[in-house]
Each structure stands twice: as C-alpha cells, then as structure tokens.
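What follows is a set of structures to go through.
Heads up, the next two complexes both have chain A, just with different partners, chain B and then chain C.
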Partner chain A sequence: MHDFISLLPLIIIGSGAILLMLFSAFEKIQLETASYISMGFFAAAFLAQLLVGCGPETVLFDKIFNGMLVSSNFTMIAGLIILGCGFFTAMNSHTYFKINLFCTLEFYAIMLFGACGMLLLTLSQELITAFISLEIMSLSIYILVGYDRSNVTSTEAILKYLMLGAFAGAFFTMGTALIYGGTQSTKFAEIGSFVAGHSGTNPLVLGGVFFIFVAFLFKAAAFPFHAWVIDVYDGAAAPVTGFMATALKTAVFTIFANFLAINGALHKDWITFLFYIAVFTMFGGNLIAIGQNSIKRMLAASGIVHSGYLLIALVAISTDNFTGTVVGYYLAAYAVGTLGIFSALSYLAGEGEKRATFDDFRGLANVRPYSAAAITVFLLSMAGIPPTAGFMAKFYVITSAFTAGHMTLAVLGIVSSILSMWYYLRLIIHMYFHEAEECFETGGSPLAAAATFILVFCVFAIGLYPIVI
Partner chain B sequence: MEHTATYIGLIPLFPLVGALVLGLMHMLTCTKNPFPEKLYGILACVGPLLSFFLALVVYYHLKGLPAEERFLSHNAFTWFAVGDLQVNMGFLADPLSSLMLLFVTFIGSLIHIYSIGYMAGDKNFGKFFAYLNLFLGSMLILVLGSGPVVMFVGWEGVGLCSYLLISFYSEDTDNVLAGNKAFIVNRIGDLGFVLGMSFLFWAIGTHGFDYLSLKANAHNLTPGIGIAVCLLLFIGACGKSAQIPLYVWLPDAMAGPTPVSALIHAATMVTAGVYMVARFSFLYAHFPLAGSIVAWVGILTALLAAFFGMFQKDIKKILAYSTVSQLGYMFAAVGIAAYSAGIFHVFTHAFFKALLFLGAGSVIYALHHQQDIWKMGGLKDKMPKTYGTMLIGALALSGAPLFSGFFSKDEILFSALASGHTGIWIIGVLVAGMTAYYTFRMIFLVFHGEPRDKEIYDHAKDAPPVMTIPLIILAVGAAFAGVLNLPGIFGGSLNISHWLAPSLVEHHPHVSIWIEILAIVTSIAAFAAGITIAYRKFGHGAEEPEYTGFAKFGYNKFYVDEIYNAVFVQPYKAVGSVISKFLEPNVTDIHVKLCTWLYQKAGKAFKVFQVGYIRVYAIYMVIGLSLMSLFLSQSLK
Partner chain C sequence: MFEHALSVMIFLPILTGLVMLLFPLSKGTARITGFVVTVAILFRGIEIFLGFTGTGGMEYVESHSWIQSLGISYGLGIDGISLLVLMAGTVLFPMVFTIFKTQSKGYYANLLIAQGAMIGTICATDLVLFYIFWEVMLLPIFFMIGLYGGPKRIPATLKITIYTIAGSLLMLAALVYVAVSYHTQFGKWTFDIVQLSELNLGSGFAVWAFLMFMIAFAIKIPLFPFHTWLPDAYTEAPTSTTFVLSAIMAKIGVYGVIRFVVPVFEIEFARFAVLLSLAGVTGMIYCGLAAISQKDMKRMLAFSSASHMGIIALGVFCMNVQALTGTLFQIAAHATSTGVLFLFVGLMEERMQTRKIEDLGGIAYRAPIFATFFAIAMLASVGLPGTSGFIGEFLIILGAIKFNAFIGILAGTTLIIGVCYMLWMFQRVFFEKSNERTEEFQDLNVSEALTFLPVIVLILAMGIFPQTFIKKIEPAARQQIVKVFTIPQAQVADTTVPTLGHNNHKK
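And then the complex of A and B:
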C-alpha cells in the first residue's frame, strides 16, 4: 500500500495527461479550462506528494518492477519541486496564451506528460528505466519548445535541441550498454556492489559511466555541452522556458545525484573530473551571461552558472550517508527564483514577446513598480543576497564544499557568485535608474501576476525557514 | 524578586502598530485622494492612549506589590545569542520606568491631540502622525528595555524620529541641515554609548546583560574600567540630552513643528540621557569621580545655556536654551547621586516645558508663523487662555514658590548643598535667577506692553479647543505636579523619592533643617531678583536693543557653532574631498575599473563562440568529449 501511495503523484499526473489528451482529441473544452484542469492535477499531485511525506527509502513494487523505482526523501523533494513548477507554469501559460494565440489544447497534455517523465526519472534506479523516462521528458519538452510552428526562432530552437539531444540520448544508451557489458546489470545497486567488489578500474565501467555523465551534463547544460541552451531558451515561449529551466533541471540533477551516490569508490574516481566541469561551467556561464542583451538569453546563461553550483554540491555529497538535502535545497531555491522571473516575463513580455531585451526593461519601476520589485527579489535571490532563498542555497552548497575539504572549489564558487552580480544587478539598474522610453499595456489574465507574487513569498519563506525542505 | 507580566510588551507595541498602519495608509494614498485628517487623527491617538492606560495598570500592579518586589519583566523573544552575549527582547517595569512610562504616555497623548489642531491642513498630515507614533513606540522601548541593548534600540529609534521630524518641512534646506546636524551630533554621542556598552559587556556582561544581572555584578568592576564605562555612557547622554560639548543641535532642532519640539525636544527624548544615568545609578554611585564630572558638566551647561537664553529673540530658541539649561540641572542632580531629585525634575520639567512649547506653538499659530518676540506684544487680551496657561508654565519654570518647578529645582539645589557641592549650589542659584529673568523677559515681551506689529496683532486669537484643552491639562500638571514629592519641611513625605527607591542606588543625607531653609530662601531670592529685573526692563514695553559687547557675544552663542564648523566640520570635509578627488579615483578605483574592463572584454570575446550553427555546437561537444577522454585516459595510467 505504501508503494502505491508513493507512486500516487505519478499516477495522478499520468491520468491527467491521458484525460487532457482525450479532451483535446474531441475538442470538448476551452483552452482556459484545460489550463485549469492541469493546474488542478498538479495541485492534487503536489498535495499527494506532501501527504506521502517523509519516509524511509523504499523500493517501489519490488516484485513487479524488480527494483527499478526507489522513493526517498530526496525524490520526494524533487517531486514537490517539479509539481510546483508545473503548477506555476500552467498559471503562466494561462496568461501567456491569452495574448499569444498559437496554443492548442494538447499543450497542457504534453506538459503533464513531460512532468510524468520527470517524476519517473527522479524515482529511477535503473538505467533502462532512466533512459525511458529521460526520453518521455525530452520528447515532451521538444514539442513544447517548438510549439509555435510559425515562429522562426522557435523552430530553430526545436531543431537544435532535438539534434543535439539525440546525441545525448545516443551517449546514454552507449553508456548503458558498456556498463551492462562490464557489470552484467543495469540496476544502480548492483552496479554499486560490483564496483565495491572489484578493485582497480574496469575500462568498460569507466567508459560507460563517462558516457552517462555526458548525457546528464548535456541535459544540465554544463560546459562544454552548454551551447544549445542559449538558443533554445530564447526560442521557446516564456512559460515553457521557465518549465525547462526549473523542472527539467531538477529531474536531471536528482538522477545525477542518485547515480553518483550509489558507490563511494565510483564517486571518488570522478571528483577531479567533476571539479573541472563545475569550475568551467560556472566561469564559462558567467562570461556568456555578461555579453547577452536579451533577458531570456541572460537567464539561460545564468542557468549554466547555477548548474555549476549544483555540480559543486555533487562533488561534495557524502556517499556514505546520502540525503541530497543540499542539492534539493539548491534546486528548490533556484526553481522559485527562476520560475518567478519567467512568471513575470509571461505577463510583461506582451504579444510576441515584445519586451525582451535589457533596454526594454528600462524604467519598469516607474511603470509597474510592484512587478519591478518582484523581479528585483528574484534577481537578488539568484545572485545570492540575504535574506532570500538563493543566499541560503549558495551558503549550504559552499559550506558543504568546505566540510568535504574542497577549499578551492568553495572559494571559486564565491568568486563566481561575485561575478554573477554583474548581469543580475544590470537588470535591476535598467529597471530602476533609467527612464522608460516606451511603455505598453500588457493584457492577459492576472494568474501569472498572482504566481509571481506567490513566488516572491516563497523566496523569502524558503530563505527564512530552510526547515521546510 | 521579579514578577512576569506579559502585558508590558504591549505598551510599546500599540504606538508601533499605529505607526505602521498610519505609515502604510499615508504611503498608499499620498499621491491621490488621501484619507480624511480626522481618521488619521483618531487612529494616531488610539495607540498612545492605550499605552497610557496600560502604564496606569503597570503603576497599580507595582503599587500592589511589596516595595522590594516591584519588578515586572517580560521576555518577548531571544533577539540574538552570540557566544556569551545573549540578548532578549525583554522589558522591565520597575518604579523608575513606570514613572517615566506614566508621564511619557500622558504627555505624548496630549501632544498627539494638540497636533491634530496644529497640523491641520498640512499635506503630510498622515506622515507626521506616523513618525510621532513611531517616536512614542521607540521612547517606550527605551524606557522599558530590560538591558542596555534593548535600550539602545529605543535610543536609536528616537534619534531617527527626531531627525525625521526636525526635517519635517523638508522644502526648506535649513530644516534639512538642522536635521542632519542633530543626527550627526547624536551619532557622536551614540559612539560613546556603544563603546561604554561594549566595555561593560567585556568587564561584567558574561553573566547576563540586563540591568538586574549587571547590578548584581557591578562590584566586580575595577575602578579604571568602571569610570571609563560611566564616562563613555555619559558621552552618549551628552549627545541625546544636549550637554556640553554636544548641545549645539538642540536649538537648531526647533526647525521642526512645534508639537515635536514640545514632545521630543523638551519633554521626553532629551531626558533619555538623565534616565540612562539614573538607570545605571548602580555604576555611577560606585564611582563618585565619574559622578562629579557628570555634575560639573551639567551645571556648566545650565549656566552657559542660561546665558544664551537671555539674549535670544526667537521664542522657540529661548525655550530651547532653557531646556538645555534645565537638562543641565538634571545632570547636576544625577551627578551628585541625587537620582530621585533628577528624575523628579525630569518629571515636572516635562509638564511645564511641554506646556510652554505648546503655548508658544499657539502663539506662533495665531501669528502665522511669526517667532520673533520683538514683533509681538500685548497678546494677553487677545489670547487669554494661552496667556494664562503660559504664565503658569513660566512660573513653574522660574521656580516660583509652590509651583512644581520650585519643588524639583529646590530638591536639586538642596541636595547639592547637603552633599557638600557648594560650587554647584552657587552656580545653580545663579542659574535659577537667570532662568526667572529670561522666562519673564519672554512673557513680558510677548503678552504685555503695546503690540509692536499692529497687523498680525489684529488677526491673533486663541487656538481651537483641541489645542487649548491640552494646554489647560498641562497647566494643571505644571502647577501641582510638585505636590507628589513634597519635602518634609512642607509637611510631605517625598513620595516620588520613596517610590523610586527600589530602582536606584542612593543615600539621602541627613542634615539640619537650617540648611534646607537656607536652600529654599536663596532660591526664592534668586527667583524674585530675576523676575524683578525682567519686570523693570520689559514690563512696560521696550524696544529691540542693538546688542553690543558681551550681549552681542551672548546673542551669537559665543560663536560656538562657528568654532565647531572651523575646527571639526571644515577639516573633515577637506579630508573627504581630498580622498574623493585624488585617492579614490587614482588609487582604489583604478584596480576595480581594470577588473571590470577585463571581465567585460572577456564576456564580449566569449560571445563570439555563441555562433548559432548546430554544426559548431556539435563540434564543441566533440572537442569537449575528446579532451575529457584524454583526461580520463591520463587518469587511468
């Protein structure tokens, strides 16, 4: 029974996706109703996930699934983040698609399918399952990214994402094959015990793990697999970008952490590798971000930097007693901040995302003081200024690096955090210290604005009461 | 023996909530259709009146307890705990703070009511009351705080409100500068307070940093540290309570609205320093040397300010110097360890000085912001209520027998004489005469004689009841508040001194009754002399004299402001301009600018890689993969 309850959020989201798909096949409902329905499913699944609550690590339906799915506190946190992101994205889409008219009913169904894949990915403890859920997630996201078929940038984005994503998928299967060749198993636990049982490096395992890492690093937009992320984030609709940036990253880093944590020896071998990736990701991301003129591109680049921080957390995780709290907290803090900005963009951008560059945000504080204040809060959170969630998250990550003995990494993390001020503060300066050149009325429903201000509250709530996580 | 009483936490909370509500209301509506003034006025008075009511409850609660158990405390929450220093947001109501509470909330409430009339029509009506409520809340935190840290919260809060209210009419640059001056001078004092507090913690604070624990550990202080702590705290008091050498801000502070001058710069905030010294009586009583310094600074301030007061022509400046002078008396009292006498003078002074300021406010209000006493005259027929109440206030201030000021001032002078501080006593008597002189100079010039400016005289009339009723209530207080502490010679039993005894560390010297009579007779003589001279010179009308010689020197306040400006302000500004013009751009900024330039260029260079072709991105992946494989193959060996 406990197994069933643990799977309940996934079941709710899955049935929601099928239901919406049926509705859209027969075109029985309005677009708005579809967004309300998806909000309802996300909310219900979120509550179900909360009610499941903390429990010991459980292998779900061991007999039926043969140990493929494992739930723990960490997966619960990840599930909560993904479902929350889905809920707010549905709210944002409601507003966004009132002005931008390319949406059809299937949008929400596909979003729910995407969430389904993400939830499954967090639970996966087996490589084939992980591959399937990764692909469910990716396929849905591909469609969402390229939803506006008449828009060139959107089409360009889907093309790039799809092609490069295919690479990543190929690497993942290749890695799986190599690992199976080396260890005769695809289950994390058995891979772990194999590594523990054999001293010395098995070249098949080494190569397999490397390819799987490449796939994860690609999805997480880590250096040097980051190049797609800028164009894809820019081309997708604002709510979709928000969803990608937060929920997808959460799912990927959850499985990444779970995979790394299976064995201490495995983790130890890869520390140096991950160390360099983390450093390059942080600094490369910063350098890309400062040159951007579009807000969405800047946020994409800043997402790369945040992946770098998450990699620091992965370097510092303790495999003996893995809880994932630092990673989970960082993901939550990053999710509320980023999603908040994309919520604000959903209603501020206007038709065809007219308000897109730094210059377009000049003097926003005069025209829309509350929105500007909210965006400021999110930016400060992403930059890591107390008392926001982002500060606490960075604080935990850097402390964990210190305690794990990675002094250099911690210091570089702080330096990168200082460098990141450049582009976050730049937007604040544009909003507050410049005169507005032209301002236009924005339409749409108030839902995205509501989401923005709820997320402002979340930024402070998570920041001031870290116990929540 | 302490008792807990949760409700005392509510006393500062009411005005603070009021400030928040009023402030939000004002912020949200200041650009368009503001709320009616009546609503602001009523909301503003609710908090102070509720606090006054609770202050009465505290008083009766304490009264019902045995004398040595009169301590009510409440710990709202642990504010912070760092190492040995654990600071609770705690409140302590004992006889001393309950007396302060009573008159602060009482006079505060009256002045809130008076302000409804005085501020009518001001476009920042709501803001004014938000500040005033915030002030009262901070003052109550200052008074009720259970330890130096909480007191400091209130101390800074009242300083901030004082600054905000002095600069309230911010269209005029002079007012803003006056606010700045008050704030900066106060900060100098605050530095002393903070240092004193730190030393105190360092020396004896590890076993609890509230008054009761400090009092229990005070005997562990070495004389050197103890005297240093006392003097540093006194520097803080000098700033807040306008003593030499930091008194210069108070006369300028009169730029604020008159009710503010009455509440903050006469009755309550400026007496915080005296309250603080009394609060720390367990330290000052241990170290008589520090006490003597306090007393001498106080009495010299009293003398100096009285000199200045004799030559001023702005009605509010006269009252401001008189306030400085009276504060000097209070410090003289607490310096010679006559704490209850000092606090008693704080108490009576609050009534008569608030009354005089509010009366002056009525006059200014009636004369359309004319403050020059040489432009007034003969107003007693036009404004009988204001005249009557101000006369009572003036009599109390000058120490006319049987008025409240007489008893409190006499108590101080008698304590000086009885404890052997003859020098302080002589100067005190002299200042008493000067006080009578400048007070009645003001009364005669404003209300007696012939009108000097016919036009404004014709339009003058008494203020509306919302302003005169508080005047009358304060006048009753100014006349009779002395009864609360009648000395034995008048058949009383020093009620306030006995009431305060559990909070203070003081000894009442037993001296012969002839010394007490001597003290009384000399003060009455000084009062009579002062008033007679004033009457001779100004009683029948006088023309504005051309000041020469010493009088000109006095009128210009001994050029202290100019000296301070030349000695401190200008060199400081010069150093600042050297740093900002030379040191900063050429030495410090240049590195920063170089770093940002490099960073920006690196970003521009990196942007080039973001070409947008998928094939290029795929090549990046391939290059990355190759490098990583190389790295791995290296690590395999």
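And then the complex of A and C:
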C-alpha cells in the first residue's frame, strides 16, 4: 500500500494527461478550462507528494517492477519541485496564451505527459527505465518547444533540439548497451557493486559510463554540450522555456545524482572529469551570458552557469551517506528564481514576445514598480545575494565543496559568481536607472502575475527557512 | 521589547523602509516617518550606551538557533569594539532626515533599510548573519546612487557594486572554509565568532582564506590599493548616501577586521601586519596628496575620507592596545567629523548649485554660524587638540611607533598633508573675495543649526572628555589583544614576524 501511495503523484499526473488528451477531442472545452484542469492535477499531485511525506529509501513494487523504481527523500524533493514548476507553468500559460494565440488543448496534455516522464525519471534506478522516462520527457518537451509552427525561431529551436536530443538519446542507449555488456545488469545498484568488486578498468563499463554522462550532460546543458541551450530557450514560448529550464533540469540532475551516488568507486573514478566539466560549464556559461542582449538568451546562459554550480554539488556529494539535500535545495532555489522571471516574462513580454531585449525593459520600475521589484528579487536570488534562496543554495554548495576538500572548485565557483553579477545587475540597472519609453501595457489574465508574486514569497520562504537541509 | 533591544534596532528601520516602498506615501510623510524611526533608534542607542558596563564581554546578547544542521544561529550582541561603531550608526542618522527635504519616498526608505542593515552588521556575532546583513547593506546603496546620484551615476554604481560584491563573495568562501575547518577540528558546526576564535588553522589554504577576508574588508574600508571605487562613488552619490558610506559603512570594514579576522587568523595577521600597515600609510599619503589637487569639494572630501581610513586601518594592524583603542575611538570621531563635513557640502551644493572650490569664496562673511560649525568639524578632521580627532590619531600614532618606528614616524609626519588640503580649501571657500554666487548664501536657519549643534558639541566633548568613551572601549580592546597575543606587548611591537614553527600565540 505504501508503494502505491508513493507512486500516487505519478499516477495522478499520468491520468490527468490522458484525460486532457481525451478532452481535446471535444470542441466545447475552452483553452482556459484545460489550463485550470492541468493546474488542478498539478496541485493534487503536489499535495499527494507532500502528504506521502518523506521516508527512508523504499523500493517501489519490488516484485512487479523488479526494483526499477526507488523513492527517497531526494526524489520527493525533486517531485515537489517538478510538480510546483508544472503548476506555475500552467498559470503562466493561461496568461501567455491569451495574448499569443497559437495554443490548443493538447498543449496542456503534453505538458502533463512531460511532467509524468520527469517524475518517472527521478524515481528510476535502472538504465532502461531511465531511458524510457527520459524519452517521454524529451518528446513532450520537443513538441512544446515547437508549438508555434508559424514562428521561424521556434522552428529553428525545435530542429536543433530534436536533432541533438536524438543524438543524446542514442548515446544513452549505446552507453546502456555497453554497461550491460560489461556488468550483466542495468540496475544502478548492481552496476555499483560490480564496479566496486572489480579493480582495474573494464573498458565496456568505462565507455558505457562515458556515453551515459554525455547524455546527462547534454540534457543538463553542461559544457561542452551547452551550445543548443541558447537558441532553444530563445525560440520556445516563455512559459515553456521556464518549464524546461527548471523542471527538466531538476529531473536530469536528480537521476544524475542518483546514478553517481550509488557507488563511491564510480564517483571517485570520474571526479576529475566532473571537476573540469564543472569549471568549464561555469566559466563558459558566464562568457556566453555576458555578451547577450536578449533576456531569454541571458537566462539560458545563466542556466548553464547554474548547471555548473550543480555539478560542483555533484562532485562534492558524499557517496557513503547520500541524501541529496544540497542538490535538492539548490534545484529548488534555482527553480523558484528562474521560474519567477519566466512568469514575469509571460505577462510582460507582450504579443509575440515583442519585449525581449534588455533595452525593451528600460524604465520598467517607473511604470510597473511591483513587477520590477519582483524581477529584481529573482535576479538577486540567482546571483546569490542574501537573504534570498539563491544565497542559501550557493552557501550550501560551497560548504559541501569545502567539506569534501575541493577548495579550488569552491573558490572557482565564487569567482564565477562574481562574473555573473555583471549580467544580473545589468538588467536591474536597465529597469531602474533609465527613463521609461513605453507604458508596458499587458493583456491576458492576472494568473501569471499572481504566480510571479507567489514565487517572490517562495524565494524568501525557502531562503529563510531551509527546511530541506 | 527591552530584552530584544538590538533586534528592534535592526528590524524597525528595515521593516519601516519596506513598508514605505510597498505603500504609496507622500514624500513629506516618508521623511517624517523616517525621522521618527531614526530618533527612536537614537534613543535606544543612547540607552544602550549608558547601560553598557564595559567589562569587555558581549552585552545585550540574543541568540536563537536558526539552521541547526549547520550550526547557524541568530546571534546578536555588542561589546566595546562594536559600541562606538553602533553609536556612529545611530546618532548621525536623524540629521539626514531633518536637513534634506527634497528627496523622494524611495530615497528615505532606502536610507532606513541601509541603517537597519548596518546595525545588523555591527551587532551580528554569527558569521553567516553578519554576511547576510553585510550584503543587504549594499542593496540600498546601489539603488540610492543609481537612482538619485549625479550625472555619471551608473558607472559609479556599477563600480562600487561589483567591487564590493566581488570582495564579499570571496569572504563567503573564506568564512565557509573557517567553519569547515572548525567542523573538522571540533566535530561540530558553528559560525559563532567566539567559538571560531578557538580554531587553530594550519598553513596552506588558511593564508588564502585570510587574504580573501582581508580583500573584502579592504575594499569596504577602502584600503590602498582597493580604493579606486571610492572617489567616483562618493562624488556621484547624493549627499546623504555619501554620508552613510563615509561615516558608517567604511567603519564597518575596519570593524569587520577587528571582530572577525584578528581572532581567527592571528598568525596570518601577524605575518602580514607590516605589509598591511604599509598599505594603510601609503593610502593615507596617496589619497591625501590626491585630495590637495581636487577642484570639487565633495571629491576632495572623498579623498580625505579615504586618507583618514588609511590611518584608522593602520591602528588595527599595529596590534597593540593603544592603537586599537585609538582606532575604535577614531571610528566614532571620524564618523562625526567627516559625516558632518559631507552634509555641509551637500547644503552648500543645494544652496549654490555648485561644488567647485573656485566658484566659491567669502562664505564666512555671509554665514558666520555655518563657517564656525564647518571649521570645528574640519579641525576635528585634521586632528586639532581639543577636538575628537586628536585623541584617536594620537593613540594610533603612539601605537604605531611602538609597533614599528618607521611606520609610526611616517604616519605621524604625513598627517600634515591633511592640514594642507583642508585649510587651503577652507581659505578658498570661506575667505577670500565673495562673488555674486556666494553673496546670496543664507546662513543656517534655526532648525538646521539645532540639528548640527549636538554633533558639534559631541565633537568637542569627545576631544575634551575622551575618558567617558575610552573607558567603555578599552577593556574590550585589551581583552582582544590579550586573547589573541598572549606573548608580552613589547614583543608583539618589536617582532614583526612571529617565530614560525611553534605557535606561540596560542594558550
């Protein structure tokens, strides 16, 4: 029974997705209704996840699934983040698609399917399950990215994402095959014990783990597989970008951490590799972000930088007593900040996202002081200025890096966040220190604005009461 | 309420400021609210000063566990080291609200938030809490300079913000390192500064951590060669922001060194002391020379302020009781004198629309009260005996000579530079011929005169009866020095480099 309850959020989201898909056959159902329904399902699943509560690590339906799904505190946190992101994205979409008219009912169904894949991904402790859920998630996101078929940048984005994503999926399958060849298993636990039990390098395992890392790094937008992010984030609609940037990253980092943490030997072998990946991801991301003029592109690049910080946390995770709290907390803090900005963009960008660059947001504070203040809070959180959630998250990451003895990495992380101040401050300066040139009229419904202000509250709540840790 | 005196002093202004930002208020109401709040804080500050026993330990302590798994607590308290800094942060603020009536609501709100955050920085005994207030303190400054500053405000804002944030992020890394080292040595997490001072750091990364801390504070002070943000920020900022920056925020940098760096990194500190004190003296000379050549009064005062911060910092690096007491005293003395001078320049700018020294002249004939007040503050700033500036500088130079004769003599003789630029400026602005611009100059009206009078009296009182203040701070200074250096005073002053290999600073 407990297993069933632990799986309940996934079941709720899955049935919601199917239900919405069926509903979309009916002409009478309005787009708004669909967004309310999806919000309802996300909220229900969120509550279910919250009520299930945390417990020790449990294998779900051991007999039926053969130990493929494992729930723990960490997956619960990840689940909450994903479902929360889904809920706010539904709110944002409600507003966004009143201004931009290219949405159909299936949008919400596909979003729910995507969330379904993400939840499954966080739970999976086995490579084939991981692959299936990765593809469920990715396929949904591909469609969401290219939803506006009349838009050229959107089409460009989906083409790039689909092509490269397919390669990543292929790498993942290849890696799985090699690992299975080497260890006779696809379960994380058994792979772990195989690596621990055999000294010396097994070329099959080495190659397999490498390919799987490539796939994860691609999905997480880490160096050197980060180049797609900028165009894809830019081409997708603002709510979709927000969903991708937060929920997808959460899911990918959760499975990445689970995969790494399962065995100390595996973690130790790859630590140097991950060290350099983390450093290059942070600095590469910063260099890209500094040059951007469009807010969405800047956020995409800053997402790369945050992947770098998360990689620091992965380098520093303790494999003996893995709880994932640092990674989970960082993901939560990152998610509220990023999602908040995309919520604000959903209603401020206007028709066809005509306000896209830093210059377009000049003087926002004069016209819409509350929105500007909210965006400022999100930017400060992403920059890691106290007392926001972003600061606490950065603090925990640095602390974990020092505790694990990675002084250099911690200091490089700090240097990178000094660099990142420039582009966060730049937007604040544009909003506050220039005169407004337009009146920033917005249409649509007030839901996205509501989401923005709830998220402002979350930024401070998570920052001041870090319950997770 | 009375057992939470410090919390009230921190959060009353912050919350009032936030409420002012969120709700529509007219600027008159905002100013009066701000004035009432700062006066309330002032009374609490005076109460604390009078109730302070000066035994050397922490008083008015508040401590609540905040994040247990990492030992982070909400810990507040003040001792002789923080007392006068705290007083500087409370006594001077009401003036800003009485004198400048033309600013907007957001400006007054930011001032209040800055005050609350600064008091928080001064009172925090937990490193993380300190860091949080330290960063929050910068945000209102960022907005005040950027929104209400002079024509070149945006570059100035960026410069000060990125400079200080870079410093404080390095400090974040260093403080985490300190806590992690404590965890490794004692097996528990804490960020409490009293407990962290028991830490015995090895070599290696400790030096880097020390340098990171020092860079953060050196930027804030600003210590040569990290002073380059200062002239731009001080000049472009609106007057009361410059006042806040120079009178209080710079002092918090020095205070941070005394409170957080010295107890934890005593060996590294002793090792770098000569270098750091040379940086202090160099900054003092260099900024003093730069001040002589300035044409803009505010910019001149900015350099003068940087020059004085050099000598205040020098007092910390000399590592003896006299110099440390002198520094703590000088922090308050300099806050009153330079703070008031910046406000005077702001008044002159408001009345005559110019700050250029050459455009002014003959003000003393038009405005005798103003000129007298200005002269007293200025003389205190250059350290004339009988004013507050003398006591602090005297003690610092005494300590410096004890520490290293060369540095002491260098510091003592170059104080003359300060007299040069100040008196020359005074001559050109207040005497000489008046022109059509200064003919119209109005003397201080009654309310302005009454606002400045207490501070002017305070400057004189601190110069004539310094013992009232010194007896409150000296026990803490002595304790700090004794706790850190158990070897005899003379030895500390003589040996610039302690014997390495065996740790003779520890009990």
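Note that the second predicted complex is superposed on the first by the 465 of 469 C-alpha atoms of A that agree within 3 Å, B and C clash if a C-alpha of one lies under 4 Å from a C-alpha of the other, contacts with A are read in each partner's own complex, and residues count from 1 in each chain.
Just so it is clear, a contact is a pair of C-beta atoms (placed from the backbone, for glycine too) under 8 Å apart; a residue touches a chain by one contact, two chains touch by 3 or more.
On a predicted model such as this, the values are computed, not experimentally measured, just so you know.
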Handout entry: When chain B and chain C are modelled together on chain A, clash or fit
Key = clash
Handout entry: chain B versus chain C as contact partner of A:A25, first or second or both or neither
Key = neither
Exercise for the section: Have a look at where A:W422 lands relative to chain B and chain C in the superposition and call it first, second, both or neither. Expected result: both
Practice task
May I ask you to decide whether A:V152 touches chain B, chain C, both, or neither, giving the answer as first, second, both or neither?
Solution key: neither
Practice task
Applying the touch criterion given at the start, work out whether A:T201 contacts chain B, chain C, both or neither, answering first, second, both or neither.
Solution key: first
Practice task
For A:F225, decide between first (touching chain B), second (touching chain C), both and neither.
Solution key: first
Practice task
Considering only the touch criterion stated at the top, classify A:L164 as touching first (chain B), second (chain C), both, or neither.
Solution key: first
Exercise for the section: Name the contact category of A:F210: first (chain B only), second (chain C only), both, or neither. Expected result: first
Exercise for the section: Determine, under the contact definition given at the top, whether A:F273 touches first (chain B), second (chain C), both, or neither. Expected result: first
Exercise for the section: Pick one for A:I288: touches chain B only (first), chain C only (second), both, or neither. Expected result: first
Problem - Superposition clash, chain B against chain C - the stretch among 109-117, 199-207 or 361-369 that is involved - result: 199-207
Exercise for the section: Once the two structures are superposed, pull the chain A residues common to the chain B and chain C interfaces. Expected result: 422
Problem - Interface residues, chain C side, partner chain A - complex - result: 21, 67, 69-70, 128, 131-132, 135-136, 139, 143, 146-147, 153-154, 157-158, 161-162, 165-166, 169-170, 172-173, 176-177, 179-180, 183, 205, 208
Exercise for the section: Report the residues of chain B in contact with chain A in the complex, numbered from low to high. Expected result: 596, 599-600, 602-607, 609-610, 612, 614, 616-618, 620-621, 623-625, 627-629, 631-632, 635-636
Problem - Contact set on chain A toward chain B in their complex - result: 159-160, 163-164, 167, 201, 203, 206, 210, 214, 218, 223-225, 227-228, 230-231, 269, 272-273, 276, 284, 286-292, 419, 422
Fill in the blank from the handout: Note: in the complex, chain A contacts chain C through residues 373, 380, 384-387, 391, 394-395, 398-399, 402-403, 407, 410-411, 414, 417-418, 421-422, 425, 429, 432-433, 466, 469
